[in-house]
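By letter and in written order, the chains are A, B, C and D; residue numbering begins at 1 in each of them.
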Amino acid sequence: MAAYERSVASVGVIAFLAGTLPGLWPGAYRTATVACLVVALLFCLQYIVRLLRESRRLEWMVTGYAIIDLLAAVPVPLALIVGAPDDVARLFGIFWSLKLIRMNAAFALLARVLHNERQSLVSVTTAFFVVLLFAATIAFVLERSDQPEAFGSVPAALWWAVTTITTTGYGDKIPMTFAGRTLAGLVMVSGIGLFALWAGILATGFAQELRRRDFLESWDLVVRLPLFRNLGSSALAEIARLLKVQKCQHGAVIVRQGQPGDSMFFIAEGEVEVRAAAARIRLRQGQFFGEMALISGDPRNATVVALGPARLLRLDVIDFRDLAARQPELLELIKAENARRVSPR
Amino acid sequence: MAAYERSVASVGVIAFLAGTLPGLWPGAYRTATVACLVVALLFCLQYIVRLLRESRRLEWMVTGYAIIDLLAAVPVPLALIVGAPDDVARLFGIFWSLKLIRMNAAFALLARVLHNERQSLVSVTTAFFVVLLFAATIAFVLERSDQPEAFGSVPAALWWAVTTITTTGYGDKIPMTFAGRTLAGLVMVSGIGLFALWAGILATGFAQELRRRDFLESWDLVVRLPLFRNLGSSALAEIARLLKVQKCQHGAVIVRQGQPGDSMFFIAEGEVEVRAAAARIRLRQGQFFGEMALISGDPRNATVVALGPARLLRLDVIDFRDLAARQPELLELIKAENARRVSPR
Amino acid sequence: MAAYERSVASVGVIAFLAGTLPGLWPGAYRTATVACLVVALLFCLQYIVRLLRESRRLEWMVTGYAIIDLLAAVPVPLALIVGAPDDVARLFGIFWSLKLIRMNAAFALLARVLHNERQSLVSVTTAFFVVLLFAATIAFVLERSDQPEAFGSVPAALWWAVTTITTTGYGDKIPMTFAGRTLAGLVMVSGIGLFALWAGILATGFAQELRRRDFLESWDLVVRLPLFRNLGSSALAEIARLLKVQKCQHGAVIVRQGQPGDSMFFIAEGEVEVRAAAARIRLRQGQFFGEMALISGDPRNATVVALGPARLLRLDVIDFRDLAARQPELLELIKAENARRVSPR
Amino acid sequence: MAAYERSVASVGVIAFLAGTLPGLWPGAYRTATVACLVVALLFCLQYIVRLLRESRRLEWMVTGYAIIDLLAAVPVPLALIVGAPDDVARLFGIFWSLKLIRMNAAFALLARVLHNERQSLVSVTTAFFVVLLFAATIAFVLERSDQPEAFGSVPAALWWAVTTITTTGYGDKIPMTFAGRTLAGLVMVSGIGLFALWAGILATGFAQELRRRDFLESWDLVVRLPLFRNLGSSALAEIARLLKVQKCQHGAVIVRQGQPGDSMFFIAEGEVEVRAAAARIRLRQGQFFGEMALISGDPRNATVVALGPARLLRLDVIDFRDLAARQPELLELIKAENARRVSPR
């Protein structure tokens, strides 16, 4: 469904972009308009279907998702109905591009980080806005007599200040006096500081959120594994903190024979096949593989391939040793399980 | 008070900006001057009121706050009194923009980070100043014969070097020789290094300061909660480290029924209302909610809304499990409290 | 071998670059073509030799390494054979530049970080692509009547938007209207946000991967040291986490007499010579030095030089004290070993 | 001495810069030459004095410091002696700018971080150099027919690629074809990636080095404090990790009466004066202050001022509670000491 939506949206955006190019032959504009209309109607249909399926319609209609759906569906046909010319109506196709981002999973993480750090980000931005105002005012005072067109008002100087503090540097307005250039240098360096402050704030925010998200993801899966059923809540939390979720498609090679072994895997969902020289073994949810290479330090002695989509929990060697030292009962569990079957490494 | 000040300052800044636009009708300039004067007089009044209210007037007058207040109040009227033309007097309105930043809470954090990291930042900047000097001198040697106007002196070449190392690139001075362009490439890459070094330094500084500020904020609230009264100092410190302060306005939805539960909340200030299917329950300072979803893993079974402004202490699931494992007595406290009432999850 | 390949590739790239310069004398072009041909033939030869040496030829041929080898070997001669002009054939020499990066060890780390963080990076990029589309559409609406050449279509406005959001700012298209310039300011600031988000994501990813890689590197060496043979797995993991691998060439000075001692070293591979005032002592794999300065706090009392290439495990003073406190048996081992020989500090 | 050197170097650099300005009156050039000569002679003198003072002269002469001293001393007079014109001789004054950075303490930290991370930084840079070569070659192919002057050779296109990937964007060469502009967009985004990767690498490196440096600084002071004499090595390491070194000048206010207390201080060097309402008390090396505010949570009840330069070890409240919980014997020490005297908070 997501792929279908994204394809339709892409077609729509391309039609919308192409439709604004001057100098195309007349048929092309008509084709673009038709394509835009078809895309809009498909999104109309989708909106109606979704609305009918929902039980709480009014609540759904005010969610962000539904508003984007509505923006993708209504404006283009509406503009044509109220009699706007073709080329104006097509412009509303820009809303289809919103369909390209909203289904993205990692986007929620981004939004959370920006939300968490909004205070600091706004503070930095406000401070730099004040720097901008001062820079523009001083540049206006310094340069207005030499360049009355470029620096003839503080708002005009503000345009120079913005292009300079962001280090864009169009070059349409350049201070000429020595004092003006010294000021410009300071403004440029402040711009670098703006970059750096934002980057610093966001780096800190990302580290926190990623740690949190990884834990939540793996916790969900860890509690369902029978292997860990008898461990206490403390041990479970520690394991969930160390395991990383790894998704793989059908046929994906998880472990390759002969390569150094730097992690072991628990199967949270799906099945995998161990392809050793001697035999092929199937492993199911709750089982694990790759632990021998961690214990012995030898290279992998089998290739492991996913059968159908699977979700694995990866335990890196660094964390395996850590865990083995602090949770000896887990190591015992793994060894006991290992003894029960001919373990593929 | 802060909102009032910011509104007045915004009006003043807009009047100041508009007043410098050339080509407005004559009445507009007079209106701008009058608006500037009114804003300045309001700030004068505010300054006098504040001064009279203070007990230690001299000490207050040299604080940063008071100096900004003075700069916002005095220069515009003073300039008019000493006979400066209207358009010069209005320029001093730039100081009003300072009012926009100083009341900001997160600003103190920024200032602390910059203060802590000032040594490293100054070192990087000094080193890049030397790189600038070398770049300008070499460009002067390489380019002066080809472009005597653009690179005719080291200060002129310095202007080129500054616009290049900050990657602003106005394009008014461009090296033409092969050696000059190679130098320019190196200077640009050094500029990227300046960005990256600053960003790296500030990211490190932010991580430290945020950890510290979060702890201080939550410590203040944690020690006041009756629930934690009997815990030792060590347990309190651990709890304060994990809890995050969350402010909310009247009517804000803290927890929504049916959503996955990834945190529990302690009420540090204010009241909330739990809206379950069966009943509505009020919770007061010192009480907590949302813990059932953490323990059971089920989605939220009630919506919780703030009644009036409130301050909550949020405990994320990752930290809840951590804490439950290391401070079992806290888990007991929560369970006992939970047993005493029909707990909303 | 790597150095040989890189030298040949460098010669090839220089010949390829020089060959495109207009205005050289005719012989120069012929020389460039000959040099390109020689380089291509050397790489052809290398490819054939490698292919013959491999036991699993088909598997090898589809590895990234082999494909780069093939791209470096075939296109230039092939183009000449099928009758392409000299200057076109020489252009394929660009593939030689790939030889300059692929042998690089730290490159794998980069690739891993980018791979781990690809979801977040793609999310940010998609979001900014949508911002770009909106910015271009709005700029098109705002500016097309004033500047029909520059902003006459959305794709044309997109070019402006890209140069602006990346803060490149060529200055060939500049919005003129007030609304257009306000939009441009917002786009520039979004561009800084793109930088900052990427930097934040990557900083987090690097911290994780570096920790992991350092551990794997030192673990490999730690388990081979006889000194640590009798320690448990938990102690070994802790030691490996703290030790940093340091490579040095023959003759490199590892420790210099009279300098403050802030680390001790274990020899993982190779030999070193301790040059004290009294005597010269050779230390072999498994031995250690520099521990006296950590214990006493005195400056180094000898200079230590590598004999041939060596790999050392460095233990910083901060980690030494940490380890000494938590693994007292290790401190005992070091003291016992120290007592057995006249220890160079 | 450092301040003297820096002043002389600053005078020299200004004279050198001014001396290259065209259009000054003749006397100015002579003044600049004389000033440059005086500065050079002062540095000559300094070099000779330093050389004579050193016992191991040859060893000293090859240190970085001595080479900078030599570069600052010799070239300008030498150039004049061998008959170079004034304006050429003055150019060697650029070496004086090196004197501005080398005495800087935090510079060593920068150098260490760059040294530690050099592998990753070089990898990123190499990869981007290859991207540059590809971008230039493709731009050459796409644009040479339309713009033979700007993109007529790969080296010429390389100049465009460098200004674009660093987002400098001089605007002297701009691709015109659709494919060329698409390429340019990709190159700009790669440039942002270069920034982000460097920033990510350096942020990680800084976090590691700062942690290390802070520990070494405070360890040096902690071991000398009599208060901690009887603590074990493990406790000492933990304390040193938490304490931050803070330098202050004579008269600096360390703690101000009535402010919230968020840290306590140990005096590592120098003296301070506690100014309470009742009395003034002097504290000497090894004593501490500010602990009462941490224990009680009340605001500071005295102002503390440094008498002469002092070095303090600051313990933040977050770390104080941590330490108090894990090292109860330290809390006992502080309480015992506190009981022995009328403690200023």
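We adopt the following convention: a residue touches a chain if its C-beta (ideal position, glycine included) is under 8 Å from a C-beta of that chain, and two chains touch if they have at least 3 such contacts.
Just so you know, these numbers come straight off a predicted model, no measurement behind them.
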item: From the options A-D, C-D or B-C, the pair that copies A-C, where over half of the contact pairs coincide; value: C-D
item: Magnitude of the superposing rotation for chain B and chain D (Cα, nearest 5°); value: 90
item: Fraction-based call for chain B against chain A, same above half, different below; value: different
item: Whole-Å gap separating chain A and chain B, where each centre is the average of the chain's CA atoms; value: 25
item: Chain centre separation in whole Å, for chain C relative to chain B (CA means); value: 35
item: In chain B, residues with contacts to at least two other chains; value: 155, 167-171, 195-196, 199-201, 203-204, 207
item: Chain C partner contacts - residues on chain A that touch it in the complex; value: 13, 16-17, 20-22, 91, 94, 97-98, 100-101, 104-107, 109-110, 113, 125, 155, 159, 162-163, 166-172, 191, 194-195, 198-199, 201-207, 210, 262, 297, 316-318, 321-322, 324-326
item: Residue ranges of chain A in contact with chain B within the complex; value: 119-120, 122-124, 126-127, 129-130, 133-134, 137, 140-141, 152-155, 158, 164, 167-171, 174, 178, 181, 184-185, 188-189, 191-193, 195-197, 199-201, 203-204, 207, 211-212, 215-216, 219, 223, 232-238, 240-241
item: Partner chain D, residues of chain A touching it in the complex; value: 167-171, 195-196, 199-200, 203
